[in-house]
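We call the chains A, B, C, D and E, going by the order they appear; numbering starts again at 1 in every chain.
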Amino acid sequence: MTEGASAFAATAGGSLLALPILVPAAGVLLSFLLGGRQAERIALALMPVQFGFAVAIASLIWRSGQPLVYVLGGYAPPLGIALRADGFSAVMLVTTSLIMPAAGLYARTNFATPNDGTERRAPLVFWTLLQAIQAALSLIFLGGDLFNLYVALELLTFAAAPLVCLDGRPETLAAALRYLMFALFGALFYLLGVALLYGAYGTLDIVLLSRQIRAEPAVWLAAGLMTAGLLAKTALFPLHLWLPPAHANAPAAASAVLSGLVVKGSFFLIVRLWFNVLPALPNAVPGAILAALGSAAILAGSALALRQERLKLLIAYSTVAQIGYLFLMFPLASGPWSAEAFSGGVMQALSHAFAKAAMFLSAGLIAESLGHDRIAGLGGAGRAMPVTFLALGLGGLSLMGLPPSGGFAAKWLLMKASIEAGQWVWAVVMLAGGLLAGGYLYRVLAPALSGNRPRLKSPPRRSRENVALALALAAVLLAFAPPTFFAFLQIGRPAAGAALR
Amino acid sequence: MSSATLAGLVGAALVGLGLYGVIADPQPLRKILAFNLIGSGVFLVFGIVARKGAAAGLSADPVPQAMVITGIVVAFAASALAVALTLRLFEETGRATLRPDAGTKPPDDGADAE
Amino acid sequence: MSDFLLATAGAILFTVAVGLVRILGGPGDADRMMAAQLIGTGGIASLLLIAAATGARGVDDVALGLAILAAFASAAFVNSGAPAEEPDPNPADDR
Amino acid sequence: MSLALDLFSIAAISAGVFFFLAGTVGLLRFPDALSRLHALTKADNLGLGLIVLGLLPRAESLLAALMLVAIWALVQLAGATAAQLIGRAVRRKGPAI
Amino acid sequence: MSVLQALDVGLAFLVFAVAAWTVFAPGPFAATVGYVVYGLLLSLVWIRLFAVDVALTEAAIGSGVTGVLLIGAAARLRGAETTPAEEALTGLTRLFAAGLCLLVAAALAAVVLLLPDQGPTLAPQSMERLPETGLGNPVTAVLIAFRSFDTMLEKVVLVLGVVGVWSLAADRYWGGAPGEARAERPEPTLAFFAQVLAPIGILVGVHVFWVGADEPGGAFQGGAILAAMWMIVMMARLTEAPQASAFWLRLALIAGPAVFLAAGVAGAVVAGGFFAYPPGLAKPLILFIETFMTFTIAVTLPMLVAGPPRREPRR
């Protein structure tokens, strides 16, 4: 058997990989067709199913210790399309399948269909697009073909952009339009890179490409264009301008998904690109550039967050900063510390997903209960709604990187790796970012925990508070991830083994 | 120079032109046009890749051609969504603009959704 | 003969280009719409000539498609080109 | 025979190009939108018509020839309609439109 | 330089000039008309690249349907043409932007020139596996068989496009019809034109779809021509746009991806894998899927152009 063939020997249970994409896609079509309350029912009913798929995929990978592979239609790459799942894909799938139902449960209050079953605009759109985001993210985590991943990126854009302006206020329309423009720009540049890679190697399959890639002009240009496009979609500084208005103005449940998960989709593809497609490229300079941009994002995003007057905008700017941390893994990608750096980056993606979702849901509850989300008017609110602010605070713990939290584990790993690599500067930036995060969270929490209890328009419902709290606890619990978890993350990471041993 | 290479150069020029339009023109509709220019430039690059892959009795590689067809349809849907957003924004505000501060106003009632 | 056909196609494209310079600039939007019309006809003519000269297959269908859609831009122009009409105040009554 | 057909093709196609040229000259020289529209339709009608006529003998099959004629007929229809529509718009709204 | 090369150079120059016009034209409407002209020229370029399937798609979607969308939008945006001064970029920023764009274009051009004349290709593999599909057109085979997963998902993108456009409706209009701002009364010329053109266009659309199995053409191109026919009939006010709540409309909008998806899942049961076709049944199955896809495209594109619902729903 040739080497090419062995990469596509369908692994046992590989057909499972198609389901987390096809099932929510079918849910989208059915929800749109049946409309009304069915959309909500279908969306909520499919979420546990989706969790089941994610856990099944993860356990298959865990048991075999190998990535899962599936070839669609029996047409092996390069002609056809393969799906692949490694450790990173699996944890992202599981994370998505946990945050989605949390957002869904929270959103039931905001996006209910009236009892007479008359279809309303916002609920139908929300529940349909929520499933579309799930399908798109699954495809991004599992896709093994660069053009197929382009379709996934577009799916994600089309699913996410309308959620931003669901309430139809003019400023949300402007935010959605800007988001759409950045996303379209990003997808086009990504596609241009895909065209160049196909022109150079005649395949778009990630594994086949990685075996052939050489450092030549077409590849460098393609890498640059694709990375730039994906950075625009990930909102890395200085391409972050679209994110704060979009994430701050969307309905809270949508913000949680957009900030927690959707930006991680394009980040995931950057990791795929540099770790799986282009490991043959010398990555010191591009890694340093990415990390420099990430550092700038940490400092600028945190500083801007300090100056915000609205809670949701503050949280959105903190996303800009936290995205920066994700990129500190790139200059540490080769060397004996690479496994640590990779684990740290992934841990940051996971813990930020949970923490940020928890914080946006809490902020949504605060805004609904107080009737506003001005930070100046939060005095004493923490005593009126303690559970909500507990969720907000625990999420903040992770952002600051204080133990015990997933954010601490992430930053600890990244810091250790950068010190081992002798690249101290990233460690300094991380410390500064943590202090700044402490500053902007103090601005929110300190007044909220003192002063007189304000009159609430309506107290938050306990079940919704618990959803936010559960997400925040998940972010905390990540701190106790056992070593086997980190071993799992390394499954399928190319060249990682070679660098380690 | 073959016609394929020529088309590729045109594609490169179109990407540059469109990028300039996207950056320099503040009106959303003009930005949408510029996006479509970039898009067609990208498709032309696929086109020369396909043409240079002429083999097996075919005058062009069918795989990139199929990708372009998919891309054209997606680009159209994206244009339609962007146009609809622009028109709605114009109806609401009487102007179509993407000013950076347009999104930072606090909502009057503070409520999130609904 | 095929060189003649190609040269003709080039000549038509050239005249069309000259015409475009004149009417794309206006002064009115109606003039600009004529540009779309002109390139439609000229484009189809040169398409047919190029197809006849190079023997490319299936080009007739492309020309047919272009011919069917030739008046669409003008139709859209007239259809929604009325200067910013108010939406029908009572839309339910107009049918 | 083939030479005669070639000559016929060349003559008809050249005449077609002439009408395209004439149409363009009209576009350049005529003072207002309506008369420019008039010049444009000449190119539509006769230019393409003569070129199709010239290409007819070179068609591979009867079906291909019919296709050519159909294309010409459709362009006629589209051209006439577009001219009407644009002309009306000019008449109704004034030349500024 | 041969005549053909001269023609190519002329065409390239024309395409570039018209593209530059759409970027630098004085007003949005002039730019939009420039773009429509540009789309038409691109069809010629695709013919010169021997990509007839793409030329057909470009002619129908890139130029025709997109033209209607953009010209309609430009006409409605007339009031927004003046740009507030604060939004215009300063000279220095413009210069910087121009430099960046030149850099990108130059790098891209250099890489294009470096591509080998005979590049890597999947043409032989496509031809090798073409017989399994029973098709004669390899582009259609890539779309509906080899990379069918892409095509199915792209149909879902179109559904999301409709959801996104509709989501911009005001709440009170939800479920209503997308009413366009129209001329007060139907243009008799347009009505006549639509009556004559629609039957012919429908024939052509079905023909383009049908020959797509073996010749250039297919579901996208045929569907787009059919879509154009529905659009012209609506523009001539011979028929009204349907209500967004109509069940038949929703069914039509999802039929293509739904049938495709169902066939893909059925492949896992019948043919041993998702999106696999049972041997021998491939061609009829592909035509079955393509029929629904054509129909769905014919319904989806006009709905995307028509915009969000703008009339109160009738129940």
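By definition in this document, a contact is a pair of C-beta atoms (placed from the backbone, for glycine too) under 8 Å apart; a residue touches a chain by one contact, two chains touch by 3 or more.
This one's a predicted model, so the numbers in the text were calculated from it and none came from an experiment.
Asks: Compare the CA centroid of subunit B with every other chain's and tell me the farthest one.
Replies: Relative to subunit B, the chain whose C-alpha centre sits farthest away is D.
Asks: Name the chain whose C-alpha centroid is farthest from the C-alpha centroid of subunit E.
Replies: Between subunit E and every other chain, the largest centroid distance is to A.
Asks: Looking at every pair of chains, which has the largest contact count?
Replies: Greatest number of C-beta pairs in contact occurs for B-E.
Asks: Name the chain with the Cα centroid closest to the overall protein Cα centroid.
Replies: Nearest to the common C-alpha centre lies chain B.
Asks: Report the inter-chain centroid distance for subunit A and subunit B in whole angstrom, where each centroid is the mean of the CA atoms.
Replies: It comes to 25 Å between the two C-alpha centres.
Asks: Any idea how many Å lie between the Cα centroids of subunit A and subunit C?
Replies: Using C-alpha averages as centres, the distance is 46 Å.
Asks: Using mean CA coordinates as chain centres, what's the subunit B-subunit D distance in Å?
Replies: Those two chain centres are 33 Å apart.
Asks: Residues touching two or more other chains, restricted to subunit D: which are they?
Replies: Answer for subunit D, listing residues that touch two or more other chains: 74, 77-78, 81, 85, 88.
Asks: Two or more other chains in contact with one residue: find those residues in subunit A.
Replies: 79, 122, 147, 151, 154, 158, 161-162, 165-166, 168, 173, 192, 196, 199, 202
Asks: For subunit E, give me the residues that contact two or more of the other chains.
Replies: 4, 48, 50, 53, 65, 76, 79, 108, 115, 119-122, 126, 146-147, 150, 154, 157, 161, 164, 168, 187, 190, 193, 197, 200
Asks: Determine which chains touch and list them pairwise.
Replies: Per the contact definition above, the touching pairs are A-B, A-E, B-E, C-D, C-E, D-E.
Asks: Can you tell me which positions in subunit E touch subunit D when the two form their complex?
Replies: Checking each residue of subunit E against subunit D gives 187, 189-190, 192-193, 196-197, 200.
Asks: Quick check: in the complex, which residue numbers of subunit B touch subunit A?
Replies: Residue positions touching the partner: 15, 22, 28, 31, 35, 38-39, 41-42, 45-46, 48-49, 52-53, 63-64, 67, 70-71, 74, 77-78, 81-82, 85-86, 88-89, 92-93, 97-100, 102-107, 109-114.
Asks: Would you tell me which residues of subunit E are touching subunit C in their complex?
Replies: 2-4, 6-7, 10-11, 14, 17-18, 21, 25, 29-30, 33-34, 36-37, 40-41, 43-44, 47-48, 50, 52-53, 55-56, 59-60, 63-65, 67-68, 71-72, 75-76, 78-79, 179-184, 187, 190, 193, 197, 200-201, 204, 207-208, 211, 215-217, 221, 225, 228, 231-232, 235-236, 240, 310-312, 314
Asks: Touching residues of subunit E toward subunit B in the complex: what are they?
Replies: Those residues of subunit E that touch subunit B are 4-5, 8-9, 12, 15-16, 19-20, 22-23, 28, 31-32, 35, 38, 42, 45-46, 48-51, 53-54, 57-58, 61-62, 65-66, 69-70, 73-74, 76-77, 79-81, 83-84, 86-89, 93-94, 97-98, 100-102, 104-106, 108-109, 112-113, 115-124, 126-128, 138-139, 141-143, 146-147, 150-151, 154, 157-158, 161, 164-165, 168, 218, 220, 297, 301, 304-305, 307-308.
Asks: Any idea which subunit C residues touch subunit E in the complex?
Replies: These residues of subunit C touch subunit E: 3, 6-7, 9-10, 13-14, 17, 20, 24-26, 29, 32-33, 35-36, 39-40, 43, 46-47, 50-51, 53-54, 56-59, 61-62, 64-66, 68-69, 71-73, 75-85, 87-88, 91-92, 95.
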